[in-house]
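Sending over a structure as structure tokens; questions will come in a sec.
Think of it as A, B, C and D in the order they're written, each chain with its own count starting at 1.
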Amino acid sequence: MDNSLVFETYDGKPHEECGVFGMYGKGEVQPAYAAYSGLLALQHRGQESCGIAVNDCGVISYHKDMGLVSEVFNPKILNKLEGQICVGHVRYSTAGGSVRNNAQPLVMRYVKGTIAIAHNGNLTNAYEIKQELERRGAMFQTTIDSEVIAFLIARERVVTHSVEEAVMRTMEQISGSYSLLVMSPRKLIAARDPNGFRPLCMGKLGESIVFASETCALDACGADFVRDVEPGEIIVVDENGVRSIQDFCQGTPSPCIFEYIYFARTDSVIDGVSVYEARKEAGRLLARQHPVEADLVVGVPESGVDAAIGFSEESGIPYEKGIVKNNYIGRTFIKPTQQERRRSVRLKLNPLVSTVQGKRIVLLDDSIVRGTTCDRIVRMLKEAGAKEVHLRISSPPFRWPCYYGTDIPSKEELIACKCTIEEIGKISGADSIGFLAVESLPQMLHKEGCRYCDACFTGNYPAPIPKCMLEGKEGRTCMPIEK
Amino acid sequence: MDNSLVFETYDGKPHEECGVFGMYGKGEVQPAYAAYSGLLALQHRGQESCGIAVNDCGVISYHKDMGLVSEVFNPKILNKLEGQICVGHVRYSTAGGSVRNNAQPLVMRYVKGTIAIAHNGNLTNAYEIKQELERRGAMFQTTIDSEVIAFLIARERVVTHSVEEAVMRTMEQISGSYSLLVMSPRKLIAARDPNGFRPLCMGKLGESIVFASETCALDACGADFVRDVEPGEIIVVDENGVRSIQDFCQGTPSPCIFEYIYFARTDSVIDGVSVYEARKEAGRLLARQHPVEADLVVGVPESGVDAAIGFSEESGIPYEKGIVKNNYIGRTFIKPTQQERRRSVRLKLNPLVSTVQGKRIVLLDDSIVRGTTCDRIVRMLKEAGAKEVHLRISSPPFRWPCYYGTDIPSKEELIACKCTIEEIGKISGADSIGFLAVESLPQMLHKEGCRYCDACFTGNYPAPIPKCMLEGKEGRTCMPIEK
Amino acid sequence: MDNSLVFETYDGKPHEECGVFGMYGKGEVQPAYAAYSGLLALQHRGQESCGIAVNDCGVISYHKDMGLVSEVFNPKILNKLEGQICVGHVRYSTAGGSVRNNAQPLVMRYVKGTIAIAHNGNLTNAYEIKQELERRGAMFQTTIDSEVIAFLIARERVVTHSVEEAVMRTMEQISGSYSLLVMSPRKLIAARDPNGFRPLCMGKLGESIVFASETCALDACGADFVRDVEPGEIIVVDENGVRSIQDFCQGTPSPCIFEYIYFARTDSVIDGVSVYEARKEAGRLLARQHPVEADLVVGVPESGVDAAIGFSEESGIPYEKGIVKNNYIGRTFIKPTQQERRRSVRLKLNPLVSTVQGKRIVLLDDSIVRGTTCDRIVRMLKEAGAKEVHLRISSPPFRWPCYYGTDIPSKEELIACKCTIEEIGKISGADSIGFLAVESLPQMLHKEGCRYCDACFTGNYPAPIPKCMLEGKEGRTCMPIEK
Amino acid sequence: MDNSLVFETYDGKPHEECGVFGMYGKGEVQPAYAAYSGLLALQHRGQESCGIAVNDCGVISYHKDMGLVSEVFNPKILNKLEGQICVGHVRYSTAGGSVRNNAQPLVMRYVKGTIAIAHNGNLTNAYEIKQELERRGAMFQTTIDSEVIAFLIARERVVTHSVEEAVMRTMEQISGSYSLLVMSPRKLIAARDPNGFRPLCMGKLGESIVFASETCALDACGADFVRDVEPGEIIVVDENGVRSIQDFCQGTPSPCIFEYIYFARTDSVIDGVSVYEARKEAGRLLARQHPVEADLVVGVPESGVDAAIGFSEESGIPYEKGIVKNNYIGRTFIKPTQQERRRSVRLKLNPLVSTVQGKRIVLLDDSIVRGTTCDRIVRMLKEAGAKEVHLRISSPPFRWPCYYGTDIPSKEELIACKCTIEEIGKISGADSIGFLAVESLPQMLHKEGCRYCDACFTGNYPAPIPKCMLEGKEGRTCMPIEK
């Protein structure tokens, strides 16, 4: 790669690590096709690799590779993936390296046949468990937590009577976040960590049972939503039907609030709350908390649009498109010389000049993490003739790194750790700035008494973070060289 | 390909054939990089193939292939494309076949060196000219009109003194639509047919001159808009500067109205009119022409959203997102068995259930051509719980095929040729239906006295259509078999 | 794949499974480049996948994929593979499945860092060990024996003081054939099973130490041959130099005789015997054992040519090319209708008509296993006008399957199990047939008292074959679906 | 590509440009499959690109791309290539550039439908004709002579009654070498230039008529040889059968002698002479012209082996393999640092040390052109222990460039233009050197009075070479940038 090129893909936002999908089929729909549809709907949760494993009477076959779902799968491959049960996965990751070997589902042979695992989340004690397992002679071929989980399940399966018992004994040992799908020769098991950090829901497609990270994946494959998998719950599906194990449901759940703010798809409903409604509500709250006189409300596409509609509704200031996003920009690049030009390049986002010219604009964005993009957007609107730009952020200042399954910007990279809100406003070039108050988060979810994880805003981590993780010592291992 | 799979890419809408970009460089920006940015912004005009040709002191090199701009080009290739002048092209086509050989720019050696041609449009007399040229011994290696144009330019160049004269004599012979860029060893020439069917604009990037199908491509590469190329105008750029030839500007222009309705990007400004404002205005007009009591206004993404915002503004009914589009669906497919299920599959579009449930909805779409998609969207909203769905179409009924550079659905495929508006409403399942009145089109453009081509709505073709074209006889020739 | 096509790649011969290469570098030559050259020279031992792993101060990186060495590697990839130690592998396999996951070297993280393993051979007790390991909770991600070896080394490494001790304790547990290269963070270890079934030799390239399956790989990378690794020997190379462990050298070695007959490259020298000279000697012996009056001696390319030269030398009958091989035939296919034609298709082999016409020919081939090719070659020569064709086979009849690292035709497929020599001769269409006598094998090697494995001819298996293997029960596990 | 790498593919020999295959089918064999087999057999004549065009009742479809026949075609593609007539082509070229656009067959639409052309050879007046055609307004999209031929045929077809008449009038205008296959909507036409520079033969497969550059392609597809196409002959095949036009057969033929020496496959028979027998005869002649006392005769594989067998026969000195070639080396590369090492790298060729050690060797090679390889081979044998190496070249010194369809080394690159035979011997490091006498060439072909082109040895060019060609002015045109 030519060093004189700057890749423009990185938008400064934290990334969700993964999406999972599983199906225990009892009907005419081939599970691999359902998984294909479901993973397409979960693609926003991970664009680096994807895979589907199917179980045909105990024989597991799978296909996984680097790339988007639409690139990795085609009808020929899907037709080969015959089987009654399936698990699928989409993955984005910096931790663990973005290499082919780390693609999921992870398929492994163990004492009771073959299992396939799809995992969304981040174990906080993976490193310790790995070291302990290695001390006993275990070997690891990937750098992903899922391999640790698989090893524990295999070890426990030897001394228990069923794979669900092995999953239970594994859950006793692992900490952190996990929404987990395990496909054994005859069962499909879903498990969600006691905090319920990452979402996981259950649906029904005819007689078949479906699990997915988000409800939009149920919609995509034609399944009806049944209910969320509860934090700490294990759901076992086999030929006898569906069975719930709730031994780990005692704790206080704390689902990730950032799913509502940024990660999840706007048409998903997580733990009973519509993502779209939550985002709109954040906009309404902002209109009350940080009112401003203006002519238009504009959202930064895609994630800022919902809050903009809410802000407009509450304030009565008309909603306008204002900025257009180019959907064909994937991994693209521009020459720095172009960037430094008098007029900024409007490759990914372009303002509607005739709309914004001479106008006072309220600009809604979902969050400011590193602070590298919002100033460019504000400047772009001003260059397009906007008289004023008032920045409204539909989440509180992002001040603490996340250890529960999103990529981890260190505190040094978080602009809200280095600057006051006023300074951020000044850097952004906006005429005024306003963040959503931390106290309003419950109201955003329309659930006054609810509990959730807002550690990224408050530093109140609901599950312990081991020292090695805080120090970033978790080691890299072997790395394939990809072409 | 398995026949049991139905590709879901086709949305029943007519397709624009192409987008063009050209640059005569006099500065630090490498034309190939500007073309890359510009073509990314024009990608909506053609997703099947693309290419860039550059002229380095008379030596032309080029790269073109099937695929998206982001797939066909990378920094290594762009760095090889050194040169002071460039032309680029994106292409979608059914006519001519979607094969590698037909990718543009077309690069040919002729008596005065090498020329490269990028062409958006459709000659109505290409078949006759081809036959006449063949009778004199000409041979054709592609099935695209651009090759005919190139042959004419070459023939005329022998008997004229400059390439612009040859372009002029070529324009005397060709009919139909063309927005044309011709790169000769020392010049870049832009030409637009006397009707001005397809858009073409000029910009400036530092000292460099840029041409593009739409202004959004100027924005993308950092260029400032200068003016539109006038219908019938030829603009010649060489080391002496920019020169306009207006010998063909006498006629009555008739730019395509469908560019505003559907083809163009919403942030482009064509012939002085903002596409976004035109679409919003169509929504406002609909609100007056077909008012309805409702709770929400929703647009079918992407093209229906702008009119929905306008309808909401005029009617006072709140605008809501209502439907979410999956941007990762490219060439995807589903099994028909899934489609026939009780609940429709929501792969590409998914309703926001909590928003639409129990609500009376005004649904805005840009046009109904074949009528194969709107019934599915109406049904989807009803299944999601919408109490009423009132369909409003921001264009008149589409009743006549287009011969000026978009793909041509025959009259048999046009639903408005077979059904009355009431019948279309009934088929769609909507509670009411309303189309924009043909008479309102000037108002949509905010230009009372303006002329445009609305043949697809009225059958008033501003340029003659030869008999062979009406009968669909224009012959296919040789076709490579692509892997 | 169209079923009406017959792939012509399979020549009915058993296949060697693998080739290995390793280097402990102390000089200017980058080990990855030496491995690249070495693997190119070993390509005949495996054409399905290949890989190279390098160790850069304890950090292991690797690249492996399906395909030929020349397809999988390029300078960009090799340049990234920096490191002082390397192991490489080429693989052909039916057992284990020809899938990407099974490509070697196998790279795994264990208690003492990361190890990479390249293995040629076949463990006869892999299935039992795997079952025992799984009973203790081990998991397997591939279906290759090398993963079993890696697990054992890891388990033993925990309770020993060095990786070579762990290799020793592993060798106590595994049976069958293995020529093994193990790269630990600071060492390169070569080990050969006590029978010495598969070849393994050591060379020197400047100060660097090189190991390879055959001497032709030493030649290819510019290394000088030092000596063979002895059956049962372990050689440890680290910064202190080269150390030999001979605890397992007590047994009676029995290197595979078929390496000389067919597997090895003709320019290699294995255990002190030139492969070319052995093949020529087999031809000379045949000339004495089965003399015949003829005009020409012709060899079936490539493997029959050496014996033909020997037969010619001994008999005085002139050697002629007679048959030409098309080196561009890789994975090609022909339509059966073509095959059944009056005249046989001469795609891969073609006779020199002017040479064979009217002549009495002695035709030398290396072996008859399934008997599917020799009749076609005899017929081809007769059609080309040969008056007589006398078939001489430079090995005894192949009557017993191999369990030591070549693919295993069952007894039902071996023509010599079903037919007498006379019947084989009749089936082949030859005017006479003669096999090398089993008793002559020592003479072929110019070593009267030497021991080797000739189980495929005699059924005298020098190492025990477990029942599960004889019954073909060794189970398949998970299988990726390759595009 | 890393500049520090030296590609080892170039062997210093001139390259044949192309091979052609055509079939007029009347039977069960699908022509595309016959072409596939035939092109596989002609692959040695061109490895850069290949293609097949078929004619299905006037509709021509084709597939062509860069790569080997086995890479470019698969059953899926072949099955799509249905039709009764076909032409195929393999291509190697420096002239014209090795780019996808230049792949053949060339398929063009003209006044009488579509024609496809496959051409082996080099027009000496292509540049003049092109200039003349361009002056009349013609345009060229490729840089190959075949496009010139197609243009002439198209131009003449307008004023004649049949395509064969157009071919005749074209032949009146073109000079140089051409073995040409033209597929018109209803005919297959074969034409060979009056000198007969390049070979072309006719065969029969059932009722179908086949044409190919060499007889080995007839063998490969199962066809029987009928006869050579005569120099100057045009053969027309259509539904009425086969018709010969001999108006251009008056001249004195001069087929290329180098086809026998190096280009053609050893199992082909060209113009009645077996290539293998000619090569063996050259070896026999050398044994008489340059006798030497020695222990072994060895040929440089592949091309030197046949002469070595002949030399051995004549001299009585035993033939031995001596050198082994690695058939898996395609486009491979080595680091120069490796090359400069004390011991030369034996990647492509490796000596049989036990055979050559201590021996006096006669080494046969087919030709010395640039002189860059023979010294390395002599040195390699000496390093392997050879006591003496006597170099015998089975052709005269190569002193003149070729303008008739092989790539053209300029005189500066020809070692025999710069050095005496003694000097070449000294440079090569051989103990003695001997070239075949120019006077022996007729004897090599077993045809005393025969005429052939030996311009590369004598400078007696049988057809005029225009000045622009001698000066190397023939211009490059547009060049696509390949990924």
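Methods note: a residue touches a chain if its C-beta (ideal position, glycine included) is under 8 Å from a C-beta of that chain, and two chains touch if they have at least 3 such contacts.
The shown structure was predicted, so the numbers you read here are calculated from the model rather than taken from an experiment.
Chemist: For chain A, which other chain has the most distant CA centre?
Modeler: Greatest centre separation from chain A goes to chain D.
Chemist: When the C-alpha atoms of chain A and chain D are each averaged to a single point, how far apart are the two points in Å?
Modeler: That gives a centre separation of 60 Å.
Chemist: State, to the nearest whole Å, the distance from the C-alpha centre of chain A to the C-alpha centre of chain C.
Modeler: Here chain A and chain C have centroids separated by 48 Å.
Chemist: Counting only Cα atoms for the centres, state how far chain C is from chain D in Å.
Modeler: Here the centre of chain D sits 35 Å away from the centre of chain C.
Chemist: Which chain A residues sit where two or more other chains touch them?
Modeler: Each of 76 in chain A touches at least two other chains.
Chemist: Can you give me every chain pair that touches, using the contact definition above?
Modeler: Here the touching pairs of chains are A-B, A-C, B-D, C-D.
Chemist: Report the residues of chain B in contact with chain D in the complex, numbered from low to high.
Modeler: Those in contact with chain D are residues 59-65, 74, 76-77, 80-81, 106-111, 114, 116, 134-141, 143, 150-151, 154-158, 477-483.
Chemist: Within their complex, state which residues of chain A touch chain B.
Modeler: Listed in rising order, the residues of chain A that touch chain B are 1-2, 5, 28-30, 33-34, 37, 40-41, 43-44, 47, 68-70, 75-76, 79, 205-206, 216, 219-222, 224, 265-267, 269, 274, 276-277, 305-306, 309, 312-313, 318-321, 324, 326-335, 337-338, 341, 343-347, 350-355.
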